[in-house]
Structure formats: C-alpha cells, structure tokens
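Heads up, the next two complexes both have subunit A, just with different partners, subunit B and then subunit C.
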Partner chain A sequence: MSHWLLFLISVMLLCSALIVVQTHIITVIKLLIAQNTLLAGYLLTQAVRLPSVALWVSFGITVMVKMIVLPWLLWKLTRFLQLSGRIEPIVNKPTLLILVTILVLFALILGQTMLSALPHLSVAGFSLSLANAFVALLVVIVRRKTVTQIIGLLMLENSIFILAAALAAGFPWVIELGMSFDVLMGVMIFTLFLMRIQREYGSFQVHHVEKLKERV
Partner chain B sequence: MSLIALLFLPGVVSLFLLPCIANRTWASILSATACTFSFIVAVVLAMHVYRQQAPVFFFHQWFICDKFGSFFVLINSLIGMTTSFYAISYLINEDNQHLHPLVYRFYHTGYQLFLLGMLLVLLSNNIGMMWIAIECATIASVALVGLYHTKAALEAAWKYLILCGVGIGLALLGTVILYFGAYTQGLGEHGLLWTQLVANAADLPPRLLAISFVFLFVGYGTKAGFVPLHNWLPDAHAEGPAPMSALLSGLLLNVALFAILRFKWMLSGTSLHSLPAYLLLIFGFIGLLFSALSLFRQRQLKRLFAYSSIEHMSLVSIAFGLGTPLALFVALLHMAMHSLSKTAVFFSCGNIMQQSGTQTLSKLKGLLGKMPASATLLLISTFIILGLPPSGLFISELLLILATLNAHILLAIPLLIGLGLAFLAILLKIQPLFWSQSDNNTVMPLKNKIFSYWPTLLHLIIVIISGLAVPIWLLNPVVHAIVGGLS
Partner chain C sequence: MSMLSSIAAYLFQGVAVIAIAPLLLGWLKMLKSWCQNRSGASLFQPYFVFFKLFIKSPIVAQNASWLFRFAPFAYAACLSVLAFTVPLFLYRGWLSSYFDIIVIVGIFALARIIMAFAAMDVGTAFGSLGTRRELFVACLSEPVLLLVLLNLGLLAKGLTLGHISLMLIHQNALYPGLAFSLLAFVFVLLAENGRFPFDNPSTHLELTMIHEAMVLEYSGRYLALIEWGNALKLTLFLLLFVSLFFPYGLATQLSWAGWAMGLATTLLKLFVLILLLAFAESLQAKIRIFRIPDYLGLALFLALLGILLTQLTGAAMS
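The block that comes next holds the complex of A and B.
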C-alpha cells in the first residue's frame, strides 16, 4: 500500500515535469486536472489505509475543490479567453528538463539528509513533494503567460497537500478547510484579474504587466 | 466573553453589515465606528495583558495574546482606526470616473477583512491559522490595490498577487514541514500550536527546523519586503489608493515581520538560534543599501516612500538580527514609530495627489503656496520619516547605531552609509516640491478636510511626543517578555 502511495506521488511529479515542457495551454490544464485527480486518489488511499476523520474530510475537500470547482473554473476561463491552440514561447525544452532533473535531485539530497530524523517512508514522500514544489516554482518563473503562473501556484498548493497528507492524520480539518477556502478565493481573484487583463490588453502575455519598472 | 473574541467582533459584524449598506457616508461611518470599538477593546486587552504575567489564551489555545502580540495589536488597531477616519474624506474626494460605484461598497468590506486578517495573525497561536490569516489579508489587500480601473493598478495588483502568492505558498510549505517534524516527534495535533513548538523545539530534528525556517523566512519575507523579493512593494504602494498604501506600509509589513519573529523566537532555544539572526542581518543590510540607492531613482511620490518603507523594515530587521535587549527595544520602538509616521506620510501624499491630480515628482512644484495645509503636513511628516529630532525615529535610529556599535564596529559602517544615502535621497527628491516656482496653479479643493487632516496630525503628535518622552513603559515589558522567553 505504501509503495502505491509513493507511486502516486511519483506520477504527480511526472505530471509537473510534463507541465513544464508543454506548449499548449489546454494540455497544461488537462495535466493539472490529472494531477489533482491523482492527489485525490492519494488522499483516498491514505484514508482507507489509516481511517481518520481529518483524512476523509481532506479527501472530500480535495474532490470538491480540486476535481469539481477548479476544473470547471479553468474550463470556463479557457472558453472565455479562447485559449485553445495557442502556443507560448518558453525557454528551450532540453534546458528545462535538465533544470527539472537538477531540482528533483536537490530535493532528494535534501530529503536524504533527514534520514536519521524521520521514518524511512516519510523521507521518500517528503523529498518527492518537495521536488514537486520546486518544479512548480520553476513553472511560475519560466512561463511567459499569466494563466500558467496560476497553474504553477496551484501545483505548489498540490505539493503542500501531499506533504500534509504524508503525515498519518493530515492537518486538523478546520485548518484544511480554511486553506482550501483561501486557495479558492485566490483563484477567483486571479480569474477576475485575468479577465480584466484580457479586456485591457487583448491578450495575457506577461510582458503586458511588466511595465512598472525602474527607469534610469 | 473573552476579550480576544470581543476584539474580533466589530470586524466580523461589519463584514456582514457593510456589503448591505448602499449609502457611502453611512458605510464609511460604520467602518470607522467598528474600528474605534476594536481600538478601545485593544487598549483594554493590552492593559489586561501588561498587568499579568501569563499570556491570555482563547479557543483551545488557538489564540494567544502575550505582551509581544498585544503591543502590535495596539499599533494595528490604532492605525486601523485613524485610517478608517481618513478614508471618509479620501473616498469623498476621489475622482468618480476612476471608481465604479460598487467599488465604494466593496472598499469597506475589503478593508475590514484586511484588518481582521492582520489581527488574526497577531493573535494566533496556531501556525496553520496564522498562515490562513495572512493569506486572507493578502487576498483582501490585492483586491484593494487593484481598486482603480487603470492599467497600472491592474499590473500592480497582479504582480502583488503572483509574488505574494508564491511567497505565501512557500510559507505554507515551511509550516507543513514544521508540523511534519513536530508530528513525527510525538506532538501530534499540538504540533501546530506555537507555544508547544517553542517548548519542544529543542527536541525536533534541527535540519528539519532549518529547512522549514528558511521556507518560512523566504515566504513571509516576501510580504515583509526583503530585497530580492520586494518587487511587488513599490508598485502596490504607488498604484493603490492612499489609505491602502498607508496600511500596507504601516501594518502589513510589520505583521509579516511579526510572523517571522514568532518563528525566530521558536528557534532561539535550539542549536539553530543564530540562523534567524544571520538571515535577518544579511537581508537587513542588503535591503538597506539597495533601497537607499533606489531612492535616488524614484520619480513618483508614493513610490519614493515605498522604497523608504523597505529601508525602514531593513533597519528593523537589522535590529532584530542583533538580538541584544537594547536592539530589541530599538526594533520595537522603530516599528511603532515607522508605522505611525509612514502612515502620516501616505495620508498627506493622498491629500496632495487628490489636490494636484498627479504624483509625478517633476510635476509637483511650489506646493507650500498652492496647498499650504497639505504641504505643511507632508513637509513635517517627511522630516520625521527622515529621522530628524525630536521625532521618535531620531531616537530609534540613534539607539540602533549605538546597538550596532556595541555588537561590532564594522557593522556600523554599512548602516551609517545606508542611513546617510537614504536621508540625502529623500531630502533631494522632496525639497523641490515645496518652494520651487510652479507654472501650473490648478488645485482641486478638498471636501470634508477635517477628516483628512486630523489622523495625520494625531500620528505626528504621537511620534513627536514619543521622541521627547520615549514610551519605555510600553516597550520594556515586551523586551523583558522576549528576553525572558529566550533564556
């Protein structure tokens, strides 16, 4: 069972790596939804393995927020902004893949240094979710579109959820509810801003919102 | 009923009431009344906490009010109150074309949510809830920064949201890692309680603590405006409405630093006690020198003072990094004085922007002749923010230099260079505003002037009085609590 959990986290990490190199926004969104589904599967497995109220609530929240509301919102957004088929310029793919590898290795090394302090299995889960967080940061940094910056943030949120659930019982459910609510509110505001950016500039490339800089 | 619950009550009630009130004047008055009520409760709470030895707890120990927290609660609720009064006149004078009618209704709700979020941070003993509260305050303030329907405001809000979103995400990662460590070491669900973490920090794996602290530092540091992560700050200050700039600078930066300090405190009993100090010192000095140099390049009024906020937060983090009782005293004094005087500066900037219709420095000329009252207030508050005597900032900067000299003589050199450069930059940028000849004499008169002047005056008077008679009675108990907690 625990190996199955590690497998799920690894596939989530794979999804993140794929998101980094994808060129179609639609595919990126699909991959994010796939990652959310995997996260729900992970939480379900945890909840079946070690039944506790907190984990079931966490699973419920994840299904509600990450599998129903967020995909629906993103789907509406893609329809509204007419995202299909757009290809965005990014740093070239081999470099990105090398960067991803380096980040994952770094996270694994960081996790290994904690072998003495934590149970063996936790270390694996810990380092993989840390790796996922690093890759998410990479997505926020290298992507040139405002939509993908949000997706990077959502990936970061996902890796934090894995880490929280890698504990036996997860967070107390009130905290979990608060976090999900905040994330949802954040995404709503993002969406509103994206619509405003689209209306003001006619597209949502990052360079439109990079005008406020220091001039010498 | 617990005083802590009573402190939240006005905010919560007004959150429900304000969206229903369509009349702008009534909404402003309700918001100001709620803030006044919570200020009164904050004073009572602070008196209660200062009198007794142990902190006050509430709701399964999820909330804590110790001396350290109540000091900040006091500053926050005072400035929250004066800003809500200032907003009464600011919103009336605002150009209606920039603001959608619905926005007025939205403004007060967002404002109360923002204040409530910050109060929750200051009073939470649960590090998970602390994160939720900071995120809540961030979301509310993002919406308020993007209040104007201009491209620049949109961009500023977007940058704020993305940068602070990443920062806050990292802070959550740090929180989870910390909980992870505490949980596996047998603390269980109590691993989220700050008091439990402080008591048991020495038993937690140091490497895990170090990693989580670095994440928390970078995460909350983004909100506190530490230098490589400061990009959102000048934009958000310059493009948002003036009351928002005042609150961001005067309160939010303090609150973010407060969160970092809570975790610094936690590490002080462990083998890692020097890690936070080094981080604070390094980021403090980088921030000080960077912002001092950046000040020379500013062309906009509020942007200039936004960089000055980075400078002052850097001074505070240097003081906390030094960590001696004198330095702690200086840090707390400087935080309070900076909050009060920077909000006064932004209030008067707001008045001047509304009267002249611009914030570009080269277009603002001969202000003392055109708008004597607003210009005089800006002049005085600029002198105070520059640290001229007899302001409280003069005392705190002087003591900071002494504390730095005590720690190491070499540390004083970059400090003095930074202070000198920042002083020179602000003076050079600001003095042409007041006396130079102006070719354009159009001034839009302010309505409801009284509310735009008295909050500024009140802040200035408090800062000057604190410079003449330093409020040792207010600060010393906090320093003793921190030092006592350390040993």
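The block that comes next holds the complex of A and C.
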C-alpha cells in the first residue's frame, strides 16, 4: 500500500464517477478501458517492484482479458445491438452527481470507523475502493440499458480487486485467475442473453425484460 | 545573491510572462492548423498582428463614453498585475505573497466585469448579448475555480500560490484529491478562456460567439490590448496549472543553475500543455450554450469531491 496505489484508486474512482454521468455508450466503454488500464498499471508497478511469476501472470491476464477481450466484446455487442445513440439514465444528471457525492462521503465516513485497527493509508485505500464499489452499484441501478449494467458489474469487479490490493497484498493468483475467467464467462453469457432478448423483443430496454417476472 | 538581484529576477519573471503570452498563442494556432491539415502562420504572427493593430487609429462608436476607452487599459492592467503572481522559473511570483488565491480569482473577476461594462456601454445588441453569455459562463466557472484553489490551499495549509508550489515540490507525493481538482481545473481553464467545447475563439458567428461578441466594437490599439489580454489570460491559466499541479523543477533558491532549470522545465510544460490543448480542441465539437451548465456542474461536483477526498483521507497523507 503506497501513495501511488492510493492515487491510482482515486483516479479509478474518478473514471467511475465520469461513467455515471456519461450518456454515450462508446464513451462509457472508453472510460472502462481507462479504468482497466489503471488497474493493469498498478499490477505492472507491483510486478516491477517485487518480481514474481504470480504478479506477471496476473498482469498478463488483466491486460488480455480486461483491456482487450472485454472491451472488444462490449464494442461488438453495441455494434450488434445498434446502440450508438444516447442512453438515458433513470434520474437526471444533477441528482446523479449528488448521489455519487453522498455515496463517496458515506464510504469515506465508514472508513473512518476503522482508523484504530488499520494504518491510515490502508484505511484511505479501503474507503476509496468501497466508494468505487458503491458508484459501480449506482451504475447498475440507474441505467435503463442492460449493456451499461454489464459495465457496472465489471466496475464492481475492479473495485473488489483494488479493495483486496488496498487491505492486503492482493489475492493469491489462482483466485485472481478464477475471478477473471468468471467475469469473462459472465459477460459471454450476458452477451448471449442480450442477443436472444434482442431477437425476441427487438429492443432491450429493461422494462421489456420485466414482463418475464412472475406476478404473484 | 543580493536582495536587489532577487527583485530583478522577480520583475524579469513577470515581464517575461507578459512577453511570451502571444508566442504561446501563436504556437497553439500553428498546432491547430496542423491538426486541420493546413500549414500554419508563423509562430510570431500574433506579435505582427498586435503591432499592426497598435499603429492603426482606433474608430470609436459615437455614443461611447469614457468607460469604453478606459476599459481595455484596465483589462490589460488587471491581467498584467496577475502576471507578477504566477511562477515562470521561480517557484512564486513577485506579488505572490501579497495576493492570496481569493484575490487572484477576484482580479480575474474584476477584469471580466470591466469588459462586461464596456461591452454594454455602446448599447449594441451584440455587446449585451455577449455580456450576458460571458457572465452566464463566469458565474458557473468562478465557484469551481475557487474550490479547486481552496483544495490546494487546504493541502498546503497556506492560501498563496507560493505556499502551494513549495509544498508540492517538497512533499513530492501524489494526493488522491488532486486528480479530481485537476480535471475540474481543466474545465475551468477551457470555459474561462473561451476555448473549445465552450466557445470557439476564432469565430464571429452570431449564434455561437461569447467573448468575441463583447469586443466586436473595438478596433486599433484598444483591440490590440484586449487581444493581448486574452493571450495573457490563457498563459496565466496555464501557469496556474503548472504551479498548482506540476511545479516540479521550479527554482526554490536563488541560483543561476536553478533558474535555468526552472525556465527550461516550465517552457517544456507549457509546450506540452499547449500540445494537449490543441489536440483536445481539434477533437471536440462546440457544445450548445444550454449544455454549458451540464459541463460546469460536473466540474463543480469534481472540485467538491476533490475537497472531500482531501479532507477525509488527509490524515493518511501526512
């Protein structure tokens, strides 16, 4: 845990905050790539500082899966679903901005309660990653289109990763490998689902999918 | 080194800031024309333009009062005073210890208000239209600028630019709140200087112009002063950017080697910043005027988050 990591986490939080208010799907994907690049940058610095096979493997996986495969998949998906236009969030922008501020404040205050148990830097890293996770959840909640919900999920995965990096030295690399492939599989299944839904309904606004809910 | 030579260095620094302002503008225009696949005018073209405007006799509207004639001088004077507060090769300007950040924002506001009065003085439609738009942008961007400067002031525990730069040079740490402040400051920089997503500095199209509409009635030496002032304002904001976020390399002691190092690094930083500015401007389209609050609202929120992060994770950094 260093100042450098703390700064990276804050820039990742910045990316997440920008994703919340962006309306164009392509910009959102670009911001997600930026966030994943920051994550890979962190792994690279760790791998250079303490050279080990696990870290290099982890860096390789992050670059391959998160920076190349996932954005490409998402981009293909938006092409396939013809999603070049704007995606309107459920609530308006100023409300979203205030919500993000409240969530970040909440996470930071939550972190303050741990000050006696952990070193200051870890607490700061923890609260910023927690804030990132909250913002990712907000992205999942407030967007109408399902693609952005996948993006929210990926952001959530990123924040869990940096949460682990902030509190301990990170996950063991087997778990990391598992997580990456989980996410990849998840996105692939999501993609298949979305394609089915598109074929079935000709659109994939969330409210069409809600018809599938059972009424009791 | 003696007291006298240090004062001479500070004075020279301020004058140099005023002198290089049109050069930066020339570099920016050259880069922009390269981005548009044109061959640009000379780097020194702004100087030639100013010289041409200075020797031309100005034409003043019939019903213009003394305010109209006085305003360009006051505008240029305000911005020239600020040129003595920003760093170029020394870590602080001559007047930096007398002018804290609130005074700096205040002088920027004073310069703008003077121009607004002068634009409305003649009573043309364009003047008041430009003024309204300019003040609309200003009232949204000024709080952001104050918040960004306040964030840095809170980090440095001192409200002058000198304190801030010195703290950043000595601490040499990355603060989590700074990323937010930096982005907010970039928004303010673009909005205050009428650069691209907010205003197109090279257009005289009725529907879109903001700043140009205000100075439409000016000609001759008055226009030259205003244009020089605009170039200086851009330079001041870029130097503020350097001093607030990347002051590394600036001279903190009085020595020739330090000064040369400071000058070289600052010129390099300005070179890169203008490069980025030109690219950013070339890649963006101008936004509708009613979407400006969206952008500046985002900037306000980022500045606010920056302060929150600084305050609540501050204990970790010290």
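We take it that the second predicted complex is superposed on the first by the 198 of 216 C-alpha atoms of A that agree within 3 Å, B and C clash if a C-alpha of one lies under 4 Å from a C-alpha of the other, contacts with A are read in each partner's own complex, and residues count from 1 in each chain.
Here, contacts are C-beta pairs under 8 Å (C-beta built on N, C-alpha and C of every residue); 3 or more make two chains touch, one makes a residue touch a chain.
Treat the numbers as computed from the prediction; the structure is a model and nothing was measured.
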| Touching A:27 in the superposition: subunit B (first), subunit C (second), both, neither? | neither
| said: According to the stated criteria, A:95 is in contact with first (subunit B), second (subunit C), both, or neither; which is it? | reply: neither
| query | Once the shared chain is lined up, is A:163 touching subunit B (first), subunit C (second), both, or neither of them? | reply | first
| query | Just subunit B (first), just subunit C (second), both, or neither: which does A:185 touch? | reply | first
| request: See if subunit A has more residues touched by subunit B or by subunit C, and give me that chain. | output: B
| query | For subunit A, which residues count as touching subunit C in their complex? | reply | 3-4, 6-7, 9-11, 14, 17, 21, 93-94, 97, 100-101, 104-105, 108-109, 111-112, 115, 120-121, 123-124, 127-128
| How about subunit C: which of its residues touch subunit A in the complex? | 173-180, 183, 294, 297-298, 301-302, 304-305, 308-309, 312-313, 315-317
| query | Within the complex, which stretch of subunit B touches subunit A? | reply | 126, 128-129, 131-132, 135-136, 139, 142-143, 146, 151-152, 154-159, 161-162, 165-166, 169-170, 172-173, 176-177, 179-181, 183-184, 189, 192, 205, 207-208, 211, 234-235, 238-239, 294, 297, 299
| note | In the complex, subunit A touches subunit B at residues 110, 113-114, 116-119, 122, 126, 130, 133, 136-137, 140, 146, 149, 152-153, 156-157, 159-160, 163-164, 166-169, 171-172, 175, 178-179, 182, 185-186, 189-190, 193, 196-197, 200-201, 208-212, 214-216
